[in-house]
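Each of the next two complexes has chain A plus one more chain, namely chain B in the first and chain C in the second.
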Partner chain A sequence: MTRPSENSPGAAPDTGTALATTSPAATPSTTTPPAPPAPGRRTWLDTTAPGRALQVLGRAVATVWSNPKARAGLVILGVFVLMALLAPWLAPYDPHDDSFGRNEPGSAAHWLGTTGNGEDVLSQVIYGSRISLLVGLVAGGLSTVVAVVIGLSWGYLRGWGNDVVNFLVNLFLVMPGLPLMIIIAAYLQNGGLPMIILVVVITGWAWGARVLRSQTQSLRSRDFVTAAMFSGESAPRIIFREILPNMTSMIAGSFFGAATAAILSESGLSFLGLGDMATVSWGSMIFWAQNSMAILTGQWVLLFAPGLCIALLATAMTLVNFGVDGLSNPRLREGSGR
Partner chain B sequence: MRYVLRRLGLLVLTLWAAVTLNFVIPRLMPGSPTDAAIAKLAQNGPVTPAVQAAIEAQLGVPGGSWWNQYVDYLGNVLTLDFGVSYTFFPQQVSGLVAGALPWTLIMVGLVTVLAFVLGTLIGVGAAWRRGTWVDSLPTVGGSFLSAFPYFWTALLIVFFLGYVAGWFPTSGAYSATATPNLSWQFLGDALYHAALPAATILLTSLGGWILGMRNAMINTLGEDYVTFAEANGLRGRTVAVRYAARNAILPNLTGFGMALGGVVGGSLLVEQVFAYPGVGYLLYNAVTNQDFPLMQALFLMITVSVLVANFLVDILYGILDPRTRR
Partner chain C sequence: MSLLEIQDLSVVYEPRGAAPTLAVKDVSLTLEQGEFVGLVGESGSGKSTLGFAVTRLHKPPARIAAGRIVFDGVDVAQLDAEELRVQRRGGFAMVLQSGMNALNPVRTVGNHFTDVFAAHGHVPTAARRRRATELLDKVQLPSTVLDRYPGELSGGMRQRVSIALALSLEPRLMVFDEPTTALDVLVQHAVMDTIRELQAAEGFTAVLISHDLGVVLESAQRVVVMHDGEVVEDGAARQVFEAPAHPYTQMLLSHYADPRAEVVELPGLERRAPAVTEPGAAPASAPAAGTVPAAGTPATGRRAARDAIVVDHVSKVYPPPRRGEQPVTAVDDVSFRLEPGAAMALVGQSGSGKSTIAKMVTGVERPTSGTVTFGDLQVDRLRRHQLKRLHTDVQMVFQDPYSALNPLHTVEYTLTRPVENYTGLRGEAARERVLGLLEKVGLTPVEQFAAKLPHQLSGGQRQRVVIARALASDPQVLIADEPVSMLDVSLRAGVLALLEELRAETGVSLLYITHDLLSARVITDRIMVLHHGRVVESGGTAQVLRFPEDEYTTRLLDAIPQPARRFGGVA
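So, the complex of A and B:
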């Protein structure tokens, strides 16, 4: 995907606008000028000074921010994060407080009305953001770590071990995610949030690993990797220091993808009544709404509000991914001052 | 040929692992699914020793010998004998599955193919006219739509097109008065009932195909041979379709194969919302009623079909892209 010429300092057409991950560090500090221009040779992984790393991270954020779609995504994501952090102050009532009238329509006291159990809908929506963000962050992060380690090693190393990993990944890939999640959840009744996260990670890492593996395979035959091999670098070093920086955007992308999938999985499980029904999450809100026939009683807000939040959060993540795609692939960058 | 044989060997090995996994999962779970199952079955009448032995082979005996159960279980799987369903007692599990399968295969299968074809075409167009509205409308719209939770889209569609507008039936696969047969009238009725679930699946899955194809296509458009083809003065459409799209579609084929394998599993959430009598709805019913034999059989079937689809894609990929054959 990223051809050496695109990222090498000499051939950067859009110099001013943040060539984020690779070239800023490459230009000044390369001690031995490599014959084939090697992208990602000196990257943020090599910078020991934390100030420098922050600077590079800042540029990466600036690149993502420069994409209008990604900017919209970051703003929405930020709103949800604030909502989750400030929930106790923002929410007018306790989300479990069921002392109000049942199935009330929207009013000044309850902007979005009340549920069939007499709880305030707005407070539940606000508190629900905590569960979704937590599941997205933890489950998405864990599956990405597993996917990176396995995907990169699998793509780079050859030999009998490759077949074993291939076998394992295929096994995890073929276990259809939702049915497997549902079956485990059915056996582990009331396993709580950790159970959901565990199931999401088990079913979610394999796809990322496979995608990262094919990219590694194609990078593997590039000149800069061959050069590194001939200069006697160890396999782990080549994998994580030469190849990995060229895949920063793919890895960030697969994190946001995994996090989105995790959020949707959690809401799906809760919607089916298989999640942790004691906690207030957007999915469980819809489950209770459907149980109390909210559609027939005309209380469509009960279904609409939590679902819209899930959709918005998932969209925000997808939008951020547009900007992340541009991090190490200038071809996908938009508005790069040309 | 060696490539095919190797893949075939892998398939057999993976099949065995999946079957074994299906055996191990209920036995690793805390509590005893077996006791729960027998208690549940006893409500329908006395449990004969033969039935009890069958359940123990499937779900495990606390403290029993795993090896003997495993041999019994493998025998049952090979003869497609999955026992009796608890929920729909005394129907055989295999009969229930066979009844649900056609609905899912036809409805979800056709929609999956349609979504892939449409999404790929739109993706090619979006990448070719990058930066114009032809690009931004489907990419932003598609990613927004695919971020919708399936069940929520389904609920919205049921609410607006089913209850408020009243244009389409809100549940089932055919009218309560109709009996399944091959008359035009029945087919029309079935199509009418399939419209809303099909629309839901199409809407939510289209975005993924558009984005995948667009991004692969943009990468391919930057390759030298595309520039060369353009420099040769070939028509734009020729370059887009015969040079760029042909190569860009390769990665998406893997996804398509997986999606086709997943068709057998049905679209659980959508089928649940519309009470569509397919495999997904059956699995949902099995899970909510803790109907372990039905659950195990469905899960095994879904897994095996994904496995076989994956194998076929691997073979196809080897033919289309010789570089992967090594």
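So, the complex of A and C:
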């Protein structure tokens, strides 16, 4: 039975995920053509689970990278991530250091000038990226997780629970986001960053859940889902092993969408003075600039620099979203069109 | 001068990030005015690509790599978009397989005609309605259709509308790309009749693209067979039918047979000895079970089927689709018994309730009244979590192998899951069993197939995986819902032979659901013909098909393309 077959080099005997990329389908002539092991263009060799996860991730990044728009987005995103990670080395001064002259224009010492409190603007912009990225990734991630769990079970299961979830999601959808956020933030005053993240998650998951639910409903009527039932699979297993992987691109898209919204929300809340004003974020920078009437004093950079960063980061996320389409489609993924 | 001259045409697909594929290779073809040409080939043969290229409807990544398409003295391959648009009138038109879905659902049929007339300005405003009525009359539709929306028409009617629309430009060349494939069997037959009559009356040149050599041989004067992007046979229909020159054509032809014949043979089903013989069968002889000697032999497998499925006076009524309408009775008082080890066919056109019966037998749906029992299990009372017990013994083979496999899971994963769930085997033992299943369904070398993803398999191979999955729990009953209808003709016999072989080997009983009487004839012993949810006829398969008593059975039989009927003689 376990005859040693003339395997392509990558076909490791265990955890056989090694794929010799043969040209798909289109072998109509005979009944069972044991397709000869066509020389694979690419072969992946792996034996361990983490190796497999890495390989999947690598393939995903490669897929996204192949789209020019997404590539631009990834580059911008990468720059911001580096900026956040290397902030202590990149920033010329401590962002809280207010020992400089006030409202100074740009100079060799302070490229973007100083704030009304005498802090270095460039340093603040650099450190501010940490907060924005952190909120974007954490809040975006959390609300995606909530959206996935609720959206998928909502789409797959039937019965009275469905109606309850339906009511809840619709409730969150019709409530206007920003006012709700302001009210919640006002109640949870001084909660700091976790509070902001919580607020963004509470108000941000409903859209994703709705979108994922409709996709789940369309997938659940596919034969392979019924077939999984016939294979004796449990409902959670069908939802998370059969349906979920087919929505990778949608979930990734939903994540980037949620992250963008989270970044904008955080800036919005900080700008309104509802965030933690002690931390330096792009939103709070604009808040303070507005407070000190930076426009009137001619220091438009104070408003412009953090604003531009917010816009750029949001744009980068949106651009990346263009490239995630190919993720769920193994045919696109291997670039073998049919 | 000939109407269309294709010279050394090559069409290449150039998808981004993949190697280009040459779909049509150096094809030369000449069509005369008024010819009815059938273009036959299986999926991947390039027939549709050729059809699209000729009408210049091909889209990237397809590209005409070389050659000329001379239509009435003009090289179509060189025209730009606007010249092409003008050319469409009095030039060439195309009717698509999904033509019935090509109508805009929010506009009436009449509006569709108006659009075409307005775009080309060849019919004065006042005469438009009259002209549209004329056109509809040609495809045998009443003029009342003009004021209706596409959603209110049946599939066959919509396909007729799209043919009428194509006719409205008075084309001299009409390309029909699988015009009836998406339609129901009986409707298919009627639409093909219309196309034939229309072609004879209007005298346009018709190209009928089809995967079904039978359909083409029945209609066309001339048959062109394509294989792997090349034309392998080109000749008059009668000649192709009687003396096919190319082995590929011969192979295709060998897959056609008359289910009414005394002996039915398909390639790959030789094991079944000279299929069915009923010595001295007369309409009077009582239909009895087990009239088939060869296949009915009791199982020699490890475990014979022990329990029968008993369906007793089962009805299924669905609530009305819209308020104020009548409830839909899908299945109406059906009773039957599937004996252990038997093979029974449920046949009927779409909407006859045959798939609903399958759902009730597998516990997916519950009957409105009546009972379904399997052994000591009352199937119609099973709770959701009890279904697993039923599915240990009753498994299903799905119709569409392209959607029945999760595109993201390897064959091994797909097969390992039921093995682990039902047999409790783990690790090496489970893998051993998975490879055994692959071996059983003929996917060797097994190691290699185990590692593949569905899109790396052909349709026939996928269907084998689906069958292997159904066998994983070592079931007593297989329900096969049109298991071969999505496959190429030449692949069907192989899958049927596999089912037949598995039945002999494991003693599994088979409920075979189909509209295809030929396949029913070769792999089942008993048959039930369903019409509007009622059983109109049942009995031994050979008996019923050779001497049908119900008028509906006769209609189903007549709908099967049979070139032999046109040319006389036996295939």
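Here is the rule we use: the second predicted complex is superposed on the first by the 280 of 338 C-alpha atoms of A that agree within 3 Å, B and C clash if a C-alpha of one lies under 4 Å from a C-alpha of the other, contacts with A are read in each partner's own complex, and residues count from 1 in each chain.
The rule is short, and it goes like this: a residue touches a chain if its C-beta (ideal position, glycine included) is under 8 Å from a C-beta of that chain, and two chains touch if they have at least 3 such contacts.
Please read all numbers here as calculations on a predicted model, not as lab measurements.
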Touching partner for A:L82 - first (chain B), second (chain C), both, neither: neither
Partner chain(s) touched by A:A227 [first = chain B, second = chain C, both, neither]: second
First (chain B), second (chain C), both or neither touched by A:G268: first
First, second, both or neither for A:M175, with chain B first and chain C second: first
Chain B versus chain C as contact partner of A:L54, first or second or both or neither: neither
Which of chain B and chain C A:A62 touches, first, second, both or neither: neither
First, second, both or neither for A:G307, with chain B first and chain C second: first
Which superposed partner A:V164 touches (first chain B, second chain C, both, neither): neither
Doubly contacted residues of chain A, that is, touched by chain B and again by chain C: 1, 3, 329, 331
Chain A - residues contacting chain C, complex: 1-3, 5-8, 11, 13, 16-35, 37, 66, 222-224, 226-233, 242, 245-246, 328-331, 335-338
For the chain C and chain A complex, residues of the former touching the latter: 13, 15-18, 21, 42-45, 61, 227, 248, 268, 362, 364, 387-388, 391-392, 395-396, 398-400, 403-410, 412, 417-418, 421-422, 432, 435-436, 439, 442-453, 455-461, 464, 466, 469-470, 472-473, 488, 490-491, 493-495, 497
Contacting residues of chain B [partner chain A, same complex]: 10, 13-14, 17-18, 21, 25-26, 29-30, 33, 131, 139-140, 143-144, 146-152, 155-156, 158-159, 163, 215, 218-219, 222, 251, 258, 261-262, 265, 268-269, 272, 283-284, 287-288, 290, 295, 298-299, 302-303, 306-307, 310
Chain A - residues contacting chain B, complex: 1, 3, 69, 163, 166-167, 170-171, 173-176, 178-180, 182-188, 214, 260, 264, 267-268, 271-274, 283, 286, 290, 295-296, 300, 303-304, 307, 310-311, 314-315, 317-319, 322, 325, 329, 331-332, 334
